[in-house]
Each structure stands twice: as structure tokens, then as C-alpha cells.
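Letters are used for the chains, namely A, B, C and D, taken in the order the chains are written, and counting of residues starts over at 1 for each.
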Amino acid sequence: MDESSLARLVEHYERIGTTGLTVLGVFGEAVRLSAEERRTVLQAVVDAVDLPLVVGVTALATAPVLEEARLVRDVVGDRLAGLMVHVNSPDPQVVVAHLDTVHDATGAGIVVQDYPATSRVAIRTADLVHAVRAVPSTVAVKAEAPPTAAAVARLTAELDVPVFGGLGLLDELAAGAAGTMTGFSCPEGLIACVRTWHSGGHDAARQAYLPYLPLVNFEAQAGIALALRKEAIRQRGLITDSGVRPPATQLPQALVPQLERHLAALPEEVR
Amino acid sequence: MDESSLARLVEHYERIGTTGLTVLGVFGEAVRLSAEERRTVLQAVVDAVDLPLVVGVTALATAPVLEEARLVRDVVGDRLAGLMVHVNSPDPQVVVAHLDTVHDATGAGIVVQDYPATSRVAIRTADLVHAVRAVPSTVAVKAEAPPTAAAVARLTAELDVPVFGGLGLLDELAAGAAGTMTGFSCPEGLIACVRTWHSGGHDAARQAYLPYLPLVNFEAQAGIALALRKEAIRQRGLITDSGVRPPATQLPQALVPQLERHLAALPEEVR
Amino acid sequence: MDESSLARLVEHYERIGTTGLTVLGVFGEAVRLSAEERRTVLQAVVDAVDLPLVVGVTALATAPVLEEARLVRDVVGDRLAGLMVHVNSPDPQVVVAHLDTVHDATGAGIVVQDYPATSRVAIRTADLVHAVRAVPSTVAVKAEAPPTAAAVARLTAELDVPVFGGLGLLDELAAGAAGTMTGFSCPEGLIACVRTWHSGGHDAARQAYLPYLPLVNFEAQAGIALALRKEAIRQRGLITDSGVRPPATQLPQALVPQLERHLAALPEEVR
Amino acid sequence: MDESSLARLVEHYERIGTTGLTVLGVFGEAVRLSAEERRTVLQAVVDAVDLPLVVGVTALATAPVLEEARLVRDVVGDRLAGLMVHVNSPDPQVVVAHLDTVHDATGAGIVVQDYPATSRVAIRTADLVHAVRAVPSTVAVKAEAPPTAAAVARLTAELDVPVFGGLGLLDELAAGAAGTMTGFSCPEGLIACVRTWHSGGHDAARQAYLPYLPLVNFEAQAGIALALRKEAIRQRGLITDSGVRPPATQLPQALVPQLERHLAALPEEVR
């Protein structure tokens, strides 16, 4: 654990205009932390910034989710903007019972996360709509089941809560997304895209996001995304060490020069 | 949690001649318990029986495994015959570092579990051999990557530690397995098979296992195995409630009559 | 291609009382044959026996299925009891359009095969029911999506066409299956189970199937099932060579002695 | 089949400076064509352009691959620059035997395709290197196992044959790729990137590819990529109908406006 790096990182996020933070998500390596370490992460973030926090839980079953959620409540208290909980079954009734129990036990607003690559649970979009509609404590949906833009289009058409996407940000905004909650070494690019979308529309947002896209794609490579992202963040000077916890795949050294080229090609204000 | 059912169940196992218990394994629904509940399960088992205990951990990364392992040590102490730890990477070096760290931190003997259906990690048998050879604290291997009998044959030929298989018990014994560590509602059948194997050889063991095979197969149905097993155990009077924790699939009611037929057809001494 | 072995094999099947043959199914290695070889197989079978034939097609899309189906019609003609066609989509409307087109082009009765392990298509049972009801040319369903007994129970409750299962034969008959269409080196055991089921009911069928179960399970091992089955058939003297076509996994030699024990333990009449 | 659209399309590709065509690849929907239709496609392409042709085969086993390969030879003759054949096993010896047999029977140079998303075969990069080195008839490798850039880096370091990647073109060129063989509605962007890479290096190539990236990403969405790509090609006036053959997923209508925005934002010369 390197709490000072973590503080430096989230302070940077606050400074550049992030409107909220997702903590202990998939790219926060939450599944590779002990409870004690998760507590340390949350405390470091709470102490470092004043932003609203969405905090993830990793388990699928209700009892361990409640255990994780209680730790979150303990540390984050009123700063909790939402508890991000996985869709845990293809059966919407199971999902509803799960989310209701988590809300009832914690009072937390629920960010429903549909991320089959991690959860191994594939729910149909129609069933996700049914589940979300039946859970009044839902405050947002995080849609990460590809094709994401198509899912976002349907979810935003049929739900009243905000829907967040991933790195296909431009297409997801066009499909009605409220923004994105995702990992990227240069969130400046995501912020620029969303802000420009609201002020200038699609074409302006496209232009704003464009210079970041080569790095977005490079970082998104399956299996090594986390290693690339952490190294990019380290090269930006925001953290001290970029190692990923095993059994995650380590950084392929052969790709470091290209990572450096991508960083060098970013807009001047983020280099 | 129903500790009195759990105590009744493991006392039954001890009475029928089980030589050790696996606790908090995949069929112990360990992944759906909170830490507090895992503690309760372990304490109930420790209090109820005098058998050596192999205790499973559910995580793949080292930090949460250590956290689970410490709880195990706390409750089980010297009764711990082995800590059952998942193969967490296809890369044997990652596995070795992981297992060594877990042993060094806990002093526990390691039961290496190769169970890709749960862990989502597929290691080659040759790499598993390399890893196990490099980890002197290994006390056993639990081989559950199909085809299991073929894996057991190779592992027993190349390793000095005992190798345990699953419900293909007869074929796994023939391939050199030391026995089995697996879930089945009538472990009497597994015990009979192993004992007869040692006293009478293959053909006698075949005869001893044969009357249990229809139930073995019925129970092993993908996706509903746990629900069927718990209902069988309940019908045998060993537990009070057979519900499985969501999001596990519930018992299909249409199959209950056939489950009852299977139980009625068991050898008289186990009905 | 060894047509004389093939003729010998199917003549044996006819002699022991098989009521029909499935040709060019998954265990017929159909996907590893050229069109010319498929023609040769079909011709050899047609020439050797007088049984009704269900013939499989391997593709998922309509055009290549029609191509395969035309070859089948050409060779098998009126002997065709059914064309076995994969469920090719989770969407029942796509399945219906596909099956209707195949029937319209060939006149063949359709055996709808739900076999996700091969097709990589997972359809919900409720959607399979909808599809089958909408396709009047369906003559049977081959249910091979685990848990099979649960699927068979639902399909037989909601459909009028016969439903066939696999090697969980006893449980599938109990769930309403009309019989089985599956690969096993000793179909005598399957025939004995079905016949006894009709004449003597569950308990008698259980007794009839019991001596075959150890071999059923041994042969069913994932990844090597075909290699084991062909070697068992060869040892029974029904074919001359047991090699499987690459890239299928070859027979692990370490398991041959256990295969021989299984064969030696079969009822006397099939040894 | 719409041969005039196909001719128009490949004539366009020739006109814009494509150095070769891949025909009957994954995005050519080859797996959904009959042999007759594959013949028609090949003939239409041969008649329309003078480019060297790489032609794909779809099967994994040797006999059906030979059957497909013979049809290719028949129609394409000396115009065949390479026969694109799937890696059909994780075992390099199986791959070598397969590729050698295909070459011996056809005389064709082999383009080795490692595409696990389609073939369902995952080979280690080290084993792929061994296989390719042992097959002297290999003329190129098409690397499509993610992370692709990392795979390309290793393959180009250890092999003498050219390695082609996919849509991560910039990163793959940086890793040593000779170019790309992939589907994209605006191959003008791929050509511009490769040409600029050779004339101006990384930064120039980045600039050349950049305006195409939003469409590259939009089109690459899992499950609907083919439908999006064909509609983009149709809107560009290069084909008449953009329907995809079932069971492929159809175009989500909700995404059409965004597709149109992407096309409108392309460089003027390709609009």
C-alpha cells in the first residue's frame, strides 16, 4: 500500500475537475486487497479529497457484499454517493432481492454495475431494465456489457436514472449516457469530452476526445490494461510504483516505448 | 446459519468413518459467506468433531487469501491438516510465489487445488507439476480439472505428495489417487469405495461404489448440483433446511421425485 | 475412411435392437469430414442397415446447413427419419426462420438439437419451447444443455414432440424423455435401460443400466470422450482403428488399463 | 449474393491503393456461405481486380480445410498470395502437421491465423513461434489474439515472416507489424496509416490514423461489428444492401445516427 501515491493521484483528479470518484472498482484492484487494505484505501481517499465517492464491492452473494458495504459505510459515511454493486444473476428477481437487501442494511444508494467480464454474469438488457425499475434505491447504472453503446441507448430510453458507460465515451454520450465511470490514465480526456459535449455538442466533443483516443485504445488491451494504465500514471508522476498485484499480468516491457510515445503525443496541458 | 445442522452433519461424517473433513470448500458455499459466518462454520466444526480438517480459501490474490488464512488459523489452530489454496495463475512462477507467501505467513501445509470451473484459471498439468515440486509446504493436490483421471495419472506419476480427485473416484484410484475430497450427499459410498479398493482391489471397489453411482451422477448435474445435494442431505435427516444461497440456482422441483427414488435405492445401511 | 469398420459397427447396432441411428452427429466427427467423406459415411450406413436414420448437420448458418442437408437427402432419401439441426441463436425468431427454411428446402422432419457445448449457442428453455412450438416440421428435440434432466422435464411438459436426452438416461426417462440419442461404446446398456423402463419401470431400469454406469462415466470425460469411446469400440472388435482426427485430443495411454477393466466388468453378453 | 456490389467494393479497394485483399475471412461471413457461394465470391473478386489475394478457410480439421483449399485453388489459381489457415490446436505439433498437410496438398503459401475469438483455440505465443518456425511454407502470420500489440512484438522479434495485426494498427506497426489484414469500412485510413508510417514515422502515422479512430472504435463493438461495418460501407455507396446473415446480430437501429455522425466526420477525401 502506498497511501501517499494514492492521495496524490486523487488530489490530481479533484484538481482537474473530476465530479466524483469511483473507489475500489475493478481497476482499483479491489479484489486483490484485504479488508484492512480496503479500509486504508478508503480512508486515504476520504482524507485527501472532498469529492462525492462511489465505492465498489466485489462479491456476488449478499452476505459478503453486506460485509464489504459495512466497511464502506464505516469509513466513508455521508460522503458515499453510491455503493456500486454487481448484477449477480441473469434472473432479475434474484438481482432485485439482492439489491434491496443491500440497500436496507446500509441505506446506501445503489449504482448497479453490469460488467460480465468481471462478474461472469450475463443479464439481458430487458431483464436489467426490469431489475433497475424494481429497485427504488438505484441511483445510477454502470453499463459495461458490450456492445456498450447499444446497451446505453436502450437503458437510457427505458430508465429514469443516469446511465454511465466506459471508454466508448463519445458513442455512449450520443446514446444518452450521463458520463463515464471508468479507468483511464488521463481522465483529463474524459472530462474534456463530457464538458465539450454539454457545451458544444457531438462534433466538439469528438475533437476534444480525439487526441486521447490512441492512448485510450493502447491502454484498453485485454489482459494488460491495468499494467499499462498504472505505468502511464507513474510516468505522469502521479504514483511512485506501477507494479500490479499478481496474479494480474505484468507489464510487457516491449510495449513501454510505445506507451511513452502515446504520453508524449498528448495535449500539452496534460503532459 | 444453522450450526446445529452443521454439527449434526459433521458428526455423522465422523461416525461413518471419514478420515478428515474439507471445510469451506466450493460446496461449502464459502464464497457466499461473510468472514463472521466463516468463523462460525469453522468453530461449529471444530467443536463437533475431532477429525483433521482441510480448510479452503476462496480468493485468488495473496492479500485476501492471507486474510482468510489467518481467520482459519485463529479458529482451527493445530487441527488444521491443510489449507486448500487455488492455483491462481497459469504461470507456475506466480503460483509458487503465492503458495510460498501463504505458507510463510501461516505455517500451514498447503493443499493445492486445481479447479478451473471455479477459479477460471487453467494451468497445464506439466506446469502444475513444476509448481508443486517447487513448493515444499505442499501436503496434497486436489485435482479437479477434467479429464480428472488423466490428470491424476500424470500427477501421481510425477509427484510425491498425495493426489485427491473427485466423484470419478474409481477411475481416479486406478490412476493413483490417494482418495477423494469432494462433495456427495452419501459419503458412505466414497468411504466404501476407498476402503474396498485397499482391501479388495479394483473389482471389489467397483462393486462397492456401484449402488451409489446413479445418485452420484444425478447430483453432479451442472448448475444445480449444490441444490440437489443439500436436498438429499436434508432428506437423509442430516440438516434441517436445504435452501441454497442466491445467486446459486435453486432446486428444480420437477426433479425431487427422482431424487427420492435415488435415495430409496441406496444400500439399506445408508437409507 | 474405413467403410468396412463402419458397416460392421452399424450392423452390430441393428442386431442388438437399436431402433434408429444418428449419423454424422458430434461423436461421428462430422465436423472433421469433407463433404465427400460425409457422403461416403452416409452411403456406407444406408447400404449396411435398414434402420431409420437421423442425420446431423454441423453448420449454424442457413446456407451451409442447406448444402449439408441436400447431400443428406441425396444419399439417404426416404430413409431419413429426421435432419438434426443445431439451435443457432438465443433468439427464438432466428431459430424458427432457420428451421423453417431448412424444412422448406428439403422436406425433412427436423430434430432440434440444443447442444451449447458444441454450438456455443445458449438458448433459454422457455425460448426453446417457443421456437419448437412454432416449427411444425419438428419431429423431435435432442436436449443436451445441462442440467439435462431439468431441461427434459420442462420440455416434455410443454411440448408434444418426443424429447431425447443423453447419458443421464435413467434420470431423463424419469423426466419424460422418449429415449436417448447419444454416443456410448456399449449401446446395449442404453437399449436395456429403455426397454426395461417400459416393461418394468424405474427400479428395473436402474438395475439394467447400473452395470454400464462405470463405463458411461469413464467414457464421458471432457476432452477425451471420443478417444476413449473409439478405443472401447475397437477393443470390442467393432472397428479396426481407434484414432481420432486431429485437432481432437488423442487417447491418454495411461488410461487404457482402466478402460480394459471397465470392459471386462461389463455384463457377459456384451463382452 | 450481390456480386455487382462485391465487385464495386473490391474495385474501390484497388483504386485507393490496397496492396492485397483478404477474401473469405471472418468479416467476409465465409462461415455463413455455401461452397457454391464461396466460389461465386472468389470468382467475382478475381474478375474485378488484379490484386494479390489472401483467401481464408473456415474449418479447423484437415479434411474440410483441404476441401475449402481446393475450391480456392480452382478459382484463384496463381493469383493466390496465401491461404489463411486457423491455428487449430494449442499443441504446436498438431498445428505443424495440419499446416504441412495443407501446403503439400495445395502448394499454397500459408498465412497462419491466430484468432481465438473465432477459432476457440488459444495457443501460447511461444508455441505459435515454434509452430511457424517448423512450417517453411508459412508466408505470414495474422495475429489476432489480444493483447495483439504484445503478441506482435514477440512474434516479429522471433520470426522471419511478416506479421500482420488488426485495428490497433499504430501500436502494431510500432511493435514491428508489416501492416494489417482486417476489416474496416474505410480502409483508406489503414492505408494512410501504413504509408505515413513508412514515409514519416510514428508521429505522422498517428496523425494520419487519428481522424479514423472514432469510427474504428465504433465499428469494433463486440457482437455488432459486422452489422455496423456493412451499414457504413453501404452508406459510403460501395454496396447496395447491408443486411448480415443470421444468426449474426442485426444492426441496432438506435446506433445509426451516431454511425452517420462518424461518417460525416471523416476526412473530406473519403466522404
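Following the convention adopted for this analysis, contacts are C-beta pairs under 8 Å (C-beta built on N, C-alpha and C of every residue); 3 or more make two chains touch, one makes a residue touch a chain.
For clarity, every value in this text was computed on a predicted model and none was experimentally measured.
The chains in contact with subunit B and with subunit D alike are A, C. As for how the two copies subunit B and subunit C face one another, over half of their interface residue numbers coincide. Here the CA centre of subunit A is 36 Å from the CA centre of subunit B. In whole angstrom, the spacing between the mean C-alpha positions of subunit B and subunit C is 33.
Computed centre separation for the pair subunit A/subunit C is 47 angstrom, with centres defined by C-alpha atoms. Residue positions of subunit D touching 2 or more other chains: none. Taken together, the touching pairs link the chains into one ring where each has two partners.
Taken pair by pair, the chains that touch are A-B, A-D, B-C, C-D. Touching subunit D in their complex are the following residues of subunit A: 146-150, 153-154, 157, 168, 170-171, 174-175, 202-203, 206, 209-211, 213-214, 217-218, 221-224, 252, 254-255, 257-258, 261, 265. Across the complex, subunit A is touched by residues 31-37, 59-64, 66-67, 88-89, 91, 94, 97-98, 120-121, 245-247 of subunit B.
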